[in-house]
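Input: structures, listed below.
Shared chain: chain A. Partners: chain B in the first complex, chain C in the second.
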Partner chain A sequence: MTKKIFRIYRVASSLLTAQYALMIEYRAEIALWAISGLLPLIMLALWSKSDVIGSVGLTSQEITHYFVSAFIVRQFTAVWVMVSFEEDNIEGKLSPFLLQPLPPFWRYASSHVAEQLTRIPFVFFMISILFLFVPNSFFIPKLKDFILAGIAIFLAFCVRFLIHWIFAMLCFWNERAAAIERLLLIPYLFLSGLVAPLEVFSDGVRSISMLTPYPYLLSFPSKVMSGAEVNIIGGFAALLAWGFCLFVVSIFAWRQGVKRYSAMGA
Partner chain B sequence: MSTEKVSMNIISVDELCKSYRVSVKKPGIAATLSNFLNRQLHVVEAVKRVSFNIDQGEIVGFIGPNGAGKTTTLKMLCGLVHPTSGEVSVSGHRPKERNRDFLQEITLVMGQKQQLIWDLPPLDSFFVNAAVYGLTKCEAKNRIDELAAMLDLDKELTRPVRKLSLGQRMKAELLAALLHRPSVLFLDEPTLGLDVNAQSRVRKFLRQYNKRYGATILLTSHYMGDITSLCSRVLLINEGSLFYDGPLEELTGKLSPYRSVRIELKEPHQKSSFMQYGILEEFDERLVRMLIPRDELTAAITSILNSFPVKDLEICDPPIEELIGNLFQSGIVP
Partner chain C sequence: MYRTIHYYLNTLYWFWYTGFSSELEYRLNVYVEIFAVIGNLTGSLFVLSMFYSNGSTLGGWTFNNSLTVLSIYTFLEGLTTCFLHPNLSRIVRHVQHGTLDYILLKPIQSQLWLSLRIFSPWGIPSILVGIALLIYSLSRSASLISYMSIFLGIIMLLSSIVILYSLWFILATTSIWFVKVWNATEVLRSLLVAGRYPISAYPSMLRAVFTFLLPIAFLTSVPSEVFIGQSSSFYVFLSILFGCIFLLISIFFWRYALRFYTSASS
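The block that comes next holds the complex of A and B.
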């Protein structure tokens, strides 16, 4: 058992070290990706001028803290596995990974984690600029909220990664699956609370959205970080339940899909 | 105690088949629209009932023209592609299951593909591979040093892969692929695009690796130099079917029923005097080059030596490169 744990640690640390070194090579590109995640701050500018916010019982400060938190959550839950998996599948780059005693899933997951680690200084810099130029957006979360939000962000990333991974498996049948990523962006934009807090939607839409994983991917961790009133236990339970179900589906999708791999281009 | 060599099949392939469905489309807008509405698919039989066995420690050349089914067969042997039918066993494992023990024992090196991380030095990729294969840091370091010495790699290991020459990159790819010391190597054109010196270095390394670790090697290459210098046995495949499995020398005999004879005479003779022995390829009064049927060679040479004042005599096979090249060009399968 100890040997197995040590081996997992060795694989994880080696993968993360190499992927982090690689991401450092691409730091300029990552800075641009970080900047491209400004949507929550743009939405903050729009919603802060809207009267709708008051009518649903949110204060200006609450909405500001929510969108600042959403900006941070979005930065650390970015997922692009469909694009890279499709490329690797079509170009045959998946072949060497399939011949090693480590499921390729972990390589893609580690590259995402390494990218997020590389983003930290850029996100810190952008938040500092925001606080400097928009002083009323400044807030420091309570330590408890910060820790809980960190865990929620990690779980939200895992769930989002699994959703994209499952759809990436369609490459085995259809070769091209990245277009689905565009399609998945629509429910993510509206149901996650990215373009508007879920409170502004009608009760019906909100009830439907809560049946999907999307509110837990952004709205829930953002509310935890901003200290808003939120069902902490319910939120974490939903993230864990979605994570478990998606993990089971991902294993099934992988096993079925990999049988169809034709090692194109290799 | 018996000293007889016990042969043990490390690779066993029985009636292996693989077919793909491929869409077919004619050029032009009408064909494009027609294809959009009604996609035409046809089945390509990439590998047809291929069977062979390879013993432990053998180096076998797998040759054939482009699209013959070599790479598809290799992909099935290493478990990347699932066969349509037939049985494959490698080191006692079914490759398509790709279980951990099987993956620890094999490697696939593709000349046109790479596993090294492009923007990092090879060492970074080596240490990832070492962890994945369960090697300790110390083991990994020792093996990297050993293989790097065999491959003549040194400073290249700390330069980004993108900055390495093709030859250096190929050697680093080999190191990455062999770090876990596999006992079965599938090599798909490992010397593709390399210059003569680099090709020779890679061949020397593969010979050393085979000797040192008793590894079994199945090698595809379009460079006959790789085959002639490494493989005593070859498998010839064309249009998905295996049509020769045996020693390289026997193949030469099969492909060429003649032997090339070069005779240097002490004094000039008439061309017509030699016509009875075979096909004259070159004649210059004192120099004769001719092709003589293999089964008539002894009698013909005896008669020539008795009838003419011979200064020098040379008998050789036509170059294998030429024979196989002609075979693939003509498309005629024996």
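The block that comes next holds the complex of A and C.
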């Protein structure tokens, strides 16, 4: 048992350090990816001038903190597994991965985590620039909120990663399945609270969106970080429940898909 | 003169014909693209309707005029998918692999070849939806639309296409120096999203940035105002001026950059 735990620790740490070293090499690209996540700040600029915010009972300070938090949450929940999985599948790079005594899932997951670690200084830098130019956006979350938000962000990342991973399995059936990522981004964009806080949604749309995992991927962690009133236990329970269901589905999808793998390029 | 034009048109025809046929191999993309356009449009309308709930407006524009802005944005996005994205992404690869040599040797303007070589049909749904939405919103406009404003509006649209193209091309040109610059176009793309909404909806500082530094205002807001007949001739003049300046910059910048091209592996 201890041997097994030790092995997991060793594999995980060497995977992470290797991927981190790889990501450091691509730091310029990662900086540019980080900058391209500006949407929450653009939406903040629009909503801060809108009267709708006041009419649903939000103050301009609350909305600012919400979108700044959403900006941070989005930075650390970025997922691109479909694109890299499609590439590895088409180029036959998946074959050597399959021979190793480690499910390829962990390879992709660790590269995402390593990328997030590389992002930390860039996000810190961008937030500082924002605070410098827009001083009234400045806020420091309470330590408790910050820690809880950190956990929520990690869980949200896991759920999002699993969704994309399950759809990435379609690459076993169709070589260009990564195009489906475009469709996955649409509900994420409009239902997660990225373009507007959930309070502004009409009641019908809000209750529909709460049935999907999307509000828990962005709105929930952002609210926790900005210290807004939010059902913390309910949010974590939803994230864990979605994560568990998707994990089960992902194992099933992987097993079905890998049977069809024909090692393209071999 | 006639022969050169004929020569170029003939070459373009074959470029696009071959590009079109090779893309049609992937039929899944057709469905994905159509769903994506419908989904994005529904989402955008949903966001717009939120800005207009409780009798509020977006920067003083009527809902219908905001629709005009959205329609032009959708149209330009379609053009980006058809031409800018597939072609300019290749400049980076040509520089990386040194295959730019072959293009420079061809008896055709290198900038033209690089910008128009590929035609990807996946932007067509966006272009069609954009045009349909434009006609719909104009037909519902409160003010009378004269032929003159339609004529001027089309000229403004052409100038916005030129500006958009030049921005992309200038950015792609920098790959001569910084080989891996492709993500920079993602940054540009994420900033251009601001053009989905009327420029007057932004805080004044951003408005200045979006007018003079990164001319997003001339991409969507100014053409919409001209179509509705609410713009001053000053902005019409400014838009044409910006179009010419940006195009000239892109041409001269490309020539200047080529002096620094050293080819790969030599």
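Keep this in mind: the second predicted complex is superposed on the first by the 266 of 266 C-alpha atoms of A that agree within 3 Å, B and C clash if a C-alpha of one lies under 4 Å from a C-alpha of the other, contacts with A are read in each partner's own complex, and residues count from 1 in each chain.
In the analysis below, a residue touches a chain if its C-beta (ideal position, glycine included) is under 8 Å from a C-beta of that chain, and two chains touch if they have at least 3 such contacts.
This one's a predicted model, so the numbers in the text were calculated from it and none came from an experiment.
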Record, for the superposition on chain A, whether partners chain B and chain C clash or fit. fit
Using the superposition on chain A described above, determine whether A:236 touches chain B (first), chain C (second), both, or neither. neither
Is A:262 in contact with chain B, with chain C, with both, or with neither (first, second, both, neither)? first
Three-chain overlay, vertex chain A: chain B-chain C angle, C-alpha, nearest 10 degrees: 90
Kindly classify A:99 by the partners it touches after superposition: chain B alone (first), chain C alone (second), both, or neither? first
Touched partner set for A:49, first chain B, second chain C, both or neither: second
Chain A residues touched - chain C or chain B, whichever exceeds: C
Quick check: superposed on A, how many Å separate the nearest Cα atoms of chain B and chain C? 7
Taking the two structures together, which residues of chain A meet both chain B and chain C? none
Show which residues of chain A lie in contact with chain C when the two form their complex. 28-29, 32-33, 35-39, 42, 45-46, 48-52, 55, 174-177, 179-180, 182-183, 186-187, 189-190, 195-196, 200-202, 205
Please give the residue numbers of chain C that touch chain A in the complex, ascending. 26, 28-29, 32-33, 35-36, 39-40, 43, 46-47, 50-51, 53-54, 56, 58-59, 178, 180, 183-184, 186-187, 189-191, 193-194, 197, 201-203, 206
Within the complex, which stretch of chain B touches chain A? 20, 75, 78-82, 96, 98, 100, 103-104, 106-108, 110, 112-115, 117, 119-120, 124-125, 127-134
Which stretch or stretches of chain A touch chain B in the complex? 7, 10-11, 13-15, 17-18, 21-22, 25-26, 92-93, 95-102, 259, 261-263, 265-266
